[in-house]
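To keep things simple, chains are lettered A, B, C, D, E, F, G and H as they appear, and every chain counts its residues starting from 1.
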Amino acid sequence: VRTGRGEVVFAEGKKTEHLLEIVEVFLSRGENLLVSRVREDQLGPLLERFPRLVYHAEARCCTHVASPPPPCAHRVGVVTGGTSDVPVAEEAAITCEFYGVGVERVYDVGVAGINRLLARLEEMRSLRALVVVAGMEGALPSVVAGLVDRPVIGVPTSVGYGAALEGMTPLLAMLTSCVPGLAVVNIDNGFGAGYLASLIARL
Amino acid sequence: VRTGRGEVVFAEGKKTEHLLEIVEVFLSRGENLLVSRVREDQLGPLLERFPRLVYHAEARCCTHVASPPPPCAHRVGVVTGGTSDVPVAEEAAITCEFYGVGVERVYDVGVAGINRLLARLEEMRSLRALVVVAGMEGALPSVVAGLVDRPVIGVPTSVGYGAALEGMTPLLAMLTSCVPGLAVVNIDNGFGAGYLASLIARL
Amino acid sequence: VRTGRGEVVFAEGKKTEHLLEIVEVFLSRGENLLVSRVREDQLGPLLERFPRLVYHAEARCCTHVASPPPPCAHRVGVVTGGTSDVPVAEEAAITCEFYGVGVERVYDVGVAGINRLLARLEEMRSLRALVVVAGMEGALPSVVAGLVDRPVIGVPTSVGYGAALEGMTPLLAMLTSCVPGLAVVNIDNGFGAGYLASLIARL
Amino acid sequence: VRTGRGEVVFAEGKKTEHLLEIVEVFLSRGENLLVSRVREDQLGPLLERFPRLVYHAEARCCTHVASPPPPCAHRVGVVTGGTSDVPVAEEAAITCEFYGVGVERVYDVGVAGINRLLARLEEMRSLRALVVVAGMEGALPSVVAGLVDRPVIGVPTSVGYGAALEGMTPLLAMLTSCVPGLAVVNIDNGFGAGYLASLIARL
Amino acid sequence: VRTGRGEVVFAEGKKTEHLLEIVEVFLSRGENLLVSRVREDQLGPLLERFPRLVYHAEARCCTHVASPPPPCAHRVGVVTGGTSDVPVAEEAAITCEFYGVGVERVYDVGVAGINRLLARLEEMRSLRALVVVAGMEGALPSVVAGLVDRPVIGVPTSVGYGAALEGMTPLLAMLTSCVPGLAVVNIDNGFGAGYLASLIARL
Amino acid sequence: VRTGRGEVVFAEGKKTEHLLEIVEVFLSRGENLLVSRVREDQLGPLLERFPRLVYHAEARCCTHVASPPPPCAHRVGVVTGGTSDVPVAEEAAITCEFYGVGVERVYDVGVAGINRLLARLEEMRSLRALVVVAGMEGALPSVVAGLVDRPVIGVPTSVGYGAALEGMTPLLAMLTSCVPGLAVVNIDNGFGAGYLASLIARL
Amino acid sequence: VRTGRGEVVFAEGKKTEHLLEIVEVFLSRGENLLVSRVREDQLGPLLERFPRLVYHAEARCCTHVASPPPPCAHRVGVVTGGTSDVPVAEEAAITCEFYGVGVERVYDVGVAGINRLLARLEEMRSLRALVVVAGMEGALPSVVAGLVDRPVIGVPTSVGYGAALEGMTPLLAMLTSCVPGLAVVNIDNGFGAGYLASLIARL
Amino acid sequence: VRTGRGEVVFAEGKKTEHLLEIVEVFLSRGENLLVSRVREDQLGPLLERFPRLVYHAEARCCTHVASPPPPCAHRVGVVTGGTSDVPVAEEAAITCEFYGVGVERVYDVGVAGINRLLARLEEMRSLRALVVVAGMEGALPSVVAGLVDRPVIGVPTSVGYGAALEGMTPLLAMLTSCVPGLAVVNIDNGFGAGYLASLIARL
């Protein structure tokens, strides 16, 4: 994307040599760069050739910040219920930070134990927007949107099996939420959620 | 069903005259009878011909109890989030009562306002089993099962539009719940949930 | 919804008498009220009994504003491609206005004639957030998000036939947009989009 | 799951080192532990580091019982039609036993040879609840529920090919059973069925 | 269909006047004629204009046999579980009879009460082929095919609601049957099953 | 299956050692045996341990005929359009032959070159039943059923990509054929089609 | 569409008064006009107010040709298998003629009786492009494309029931055709096919 | 395909030795040959044995032109939005060239940056037909068809994840385009699109 806010490369589907070429071009232009969804086999060649890149293991991203974006007065929350959704949550968080927006991580607060969520309510209410990541039945964004009066961006994940339909079930569930204030991005699309949240935070 | 626990007739798809014949047969045998899903156009002829039948308007059922079932020591809870799901919840409740099991109605406690749910937690924990009815994203059964250590029977409803897919979305969501202690019946199947709950209550 | 920002009633699935009761309660409390998706047969009884209600024909909504919300410095855009999507677009627009946020209507700018869209680019760039409504192949939100650096809320509609799958096709298409900055609400959910846009505008 | 009834870890999606850490924590707290869906590559490291763990090969589970649960007066049946569904059935059975509930295994009694099923009817009728596991067309739970007056928990499996749709077909079939007394859990979810059955047995 | 075995007209989707014209043509040629799926509003005009037609109410068919087909030594069974599937079963039965093949009706023998089915086993084993009609979970054809060593033609019906998916669930279930000797026709396609059964009976 | 007509083992999903045990049991009983869907890695151990087994490479089956079935007066046709569907067609053919029914192979006669099909019409008309195997759009069974007055068993295959939906498209297409005389089995189920065809041939 | 080739209005989803306004505008500009999918209740008001409009009953279209398009040297074929698909075929044919391209109608040549199709082969080969309309299993476009070396535009229709899935089955079948030279438009979209065919004919 | 215009072999699903045999036959006949979807492991053996074959790496095709097809006066455009869809686009382009039709490649002009597309408008308008390749939301063919008055063949690709449903989403989106002049081929079917485009170019 030519967002004027830094370049982004989606590594997963690319051949390693092709990826290296693209990264070469962007780095040589002195631009900020986010490389998302880096496959395990791409990581070695990438870091070896471009030692400037910082690797974020949980988020499976590499970033290089040539010139830091202007500071942002507001912070964004990234919320998730269990440990399995953390990679997608981290992709969202690293994306926000790449665009210069600070992140509050509110992890391990799923509906199976709602008290942990209630304990962090005040914190969540102080943030500008919330990215809520959930797989399986995808109930968390609804519950959060019912408790907090901020824009909520739901990210369904492909975590789960059987009737989870590789993420279609939480996706559909978030879309039919009976609570307003919530919109949804594609399955596992932490990048998209983080991008939108940072756009809102910078308004 | 020849359940040995009273006869049940599903009225919705039947021609009125055919329905009257079937009801005639069962009543003449002196059996307890539950007629579920009575259509508006069937109601007049049914009540006129069989004044013994009691009509439960919200549940769209008629019952006749010739000989009351033996008393049951335990009670069942029927839980729902909004007013739209009440007809299905009432079908479940009337079914339990038809089989001689007392019902606690816990209505209007959806995830959009989770405090109303938390306020009735003790009550729910005192019951033998819980029928939880929910349309749209179907998050309520998960939330209840996370808070209460009792068998939960989830009933998805066809309430909602678009991505609710006529109830497939809450159905799939309940099936992929990350909370154990929950099983699911067909969309809008209040009868099936009430039957199973009464079976559990009588164990 | 108990949003603390005015009450909202979804009329479509409700019996008229039940609807009148609910509206009665909210109006008697002196609250701002939005009644969405009013069916044709509900309209007469509703306006007759509550002459205070203002009817918005295209949006199929009634509103009553007891105490105007505080003014909002920012405006929201509502964008649509053809005439068929206007009812959903108007539902979004009326919702924004109900919450005190001004709306710029950018209608009839679909991808079949992209020049009309390009002609209104500057206007769109001056707004705080954009609600983009589209049925059929649902391409418009992507195109808008590619041109404007603002949060875009996509609303798929059930307009179309055959492979449009009653709105599932534009819904899926918007979710898989290759342009970031876009999140999606349920099919035909103008209210949800308007609510979220007004939340963003008021940040 | 924090069930207060022993801890449960779902191994399949976890990195081995992460799994070992979690197991370490729970064992060090002296809690009962069930590790389900252990992958082949996780098994060696797991048993080597925690020799206390007991491995149940068919069920692909490990358990450690620090303090046995209180005895339970009632038993649960686990029923399956062929050899392919045995792993899921065993997951249910081991889960029941982990929670201190005895299990009667009624295997190899599918609809292709209904006499084997009829031969074990009395035995099934003496149990508190039945977990019935079936793939392909998923007919067995209906047939069992028609013959036995006990709560039946249906578990569809992903066994089969083509129109079995990786378990969606038996799932849908069980949900639309014309026999009441049956509720359903997710595809291959032996754990969920065993958990619910043990909850019912302990009522 | 120009089957060389008598003409068949599918009435349901046709305008009455167009239907009358087609029937006129075929009758004037002196051919045997089966008019299937006659709508209620088509019935009056049809019988009034062609008094030769015999109406089969349950099957919603009209037939005219100008010259009886040659006698067939073998009989076909038509099997169904409940009363709701009888119209489709009768369509199959009348089709067989139209082609000169005698039919044994084995109705009301569903899986909810398997003894009624077992009671008629010998009878079923004496027939040349079996048409087995079932809605909801569609288990009956599997059960029959497991008990009887004859070709079984499964007919799924659209009877049921929710997860029955208007007949897709019994269709998929029959296709994935673990019992061989069974093939399937389209949802509600009693005619197709009867045609194929008569073809087999006449071999 | 205990068909009384020889034992059948479905090898694909089984562990090799488990498969060897089952085959051991059946061979030691002196029964005819068909092992279908033998995986490449299972083949070596299987043939080494049981040199009596005959391997049919295209069909991916092994058979052992201890006592030949009684001769059958009639033959069955197995028809297919291209080379990709041959493995499924061969599975059907070998199954027929295993049950003692002779097979006419009519291969490479797809709708892309309809003349090759027309050239073999007389031959097809002389057979007792036809198994027609087709992937992609699945048109061949309809075309054959329109030309030949014999029972046709359609076998959809998973050959194809994209909109072929792993065989669901030819499956649905065959089911909605506008030509009668055709019934369908599961995707890739050559065994099921061959079994049913041999059942018909032996009537 | 502003095609520069005449205006087109899709009447079906429009309110009658709104439709009359639009038609008024276009006619007053002296443009050629095609009004497609005219509902029965719209027809009277439309023809009464604009007697210039010519109604094409089978195609459910009205046209007004103010200035005839330039003549076209080539003709297009419109092919269909049965009578049920004729309305969609006529929509395509009238659309071609509206754009000044002559049409050869090749109706009632379905795969159930392939000889009627073969009889008209030479005629089809003489045309510039072929629109082939088919419901149910949608086999006809493949068969035609296999026989004729011209661009074929497949139009699936919603004719059929059950597994025809309201036209999705023929749509998917046409897309997976094993014959090249064929592309597909939306279900029932006779207009789209006719438009494209006329575009090709005029090249 | 026996197109009379050169032979085509689809390599992907074939065993290498089987592929070599087929290629041998066609080359020995002196025919033009296109081998599409060559897998990496097939490439070595293929080129080693048949050094005459020219390999097109991006398109994953091999061609051998024994006798060049007659020259074609018209050119075709192949259009695509990003780098990920290039392999499918190249398959279409090489196919056109194989049939003797010149190709204009218009790559990297997606909706995310619509100016690059507008810059090449004149060029596109000068071509005979356009193949437009797009994955994810599949909006590009609509946008192109709205701008250019030429036949557009849309090719959806399986590029994308989650709600892209392996290409079903762009497929459905293209089919429901609100712009006429567009027809669609199967997911990733560059060959089919190129074939049809060359057929049109040669009219």
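To be clear about the criterion, a residue touches a chain if its C-beta (ideal position, glycine included) is under 8 Å from a C-beta of that chain, and two chains touch if they have at least 3 such contacts.
Predicted model, so just to flag it, every value in this text is computed and none were measured.
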{"item": "Angle of rotation relating subunit B to subunit C [CA atoms, steps of 5 degrees]", "value": "90"}
{"item": "Distance-maximising chain from subunit G - centres being C-alpha averages", "value": "D"}
{"item": "Distance between chain centroids, defined by C-alpha means - subunit D, subunit H (Å)", "value": "50"}
{"item": "Chain centre separation (subunit G, subunit H; CA means) in Å", "value": "27"}
{"item": "Distance between the centres, which are taken as Cα means, of subunit H and subunit C, whole angstrom", "value": "41"}
{"item": "Separation of mean Cα positions, subunit D and subunit A [Å, integer]", "value": "35"}
{"item": "Subunit A, residues touching no fewer than two other chains", "value": "1, 112-113, 162-164, 168, 171, 175-176, 179, 186"}
{"item": "Which pairs of chains touch, using the document's own definition", "value": "A-B, A-C, A-D, A-H, B-C, B-D, B-E, C-G, C-H, D-E, D-F, E-F, E-G, F-G, F-H, G-H"}
{"item": "In the complex with subunit F, residue positions of subunit E that touch it", "value": "1, 3-4, 8, 128-129, 149-151, 153, 171, 175-176, 179-186, 191-193, 195-196, 199-200, 203"}
{"item": "In the complex, subunit D residues that touch subunit A", "value": "1-2, 13, 18, 156, 158, 166-168, 171, 186-189"}
{"item": "Residue numbers on subunit B that touch subunit A, as the complex places them", "value": "81-82, 110-114, 136-139, 142-143, 146-147, 160, 162-165, 168-170, 172-179"}
{"item": "Subunit B-facing residues of subunit E, complex", "value": "83-84, 112-113, 159, 161-164"}
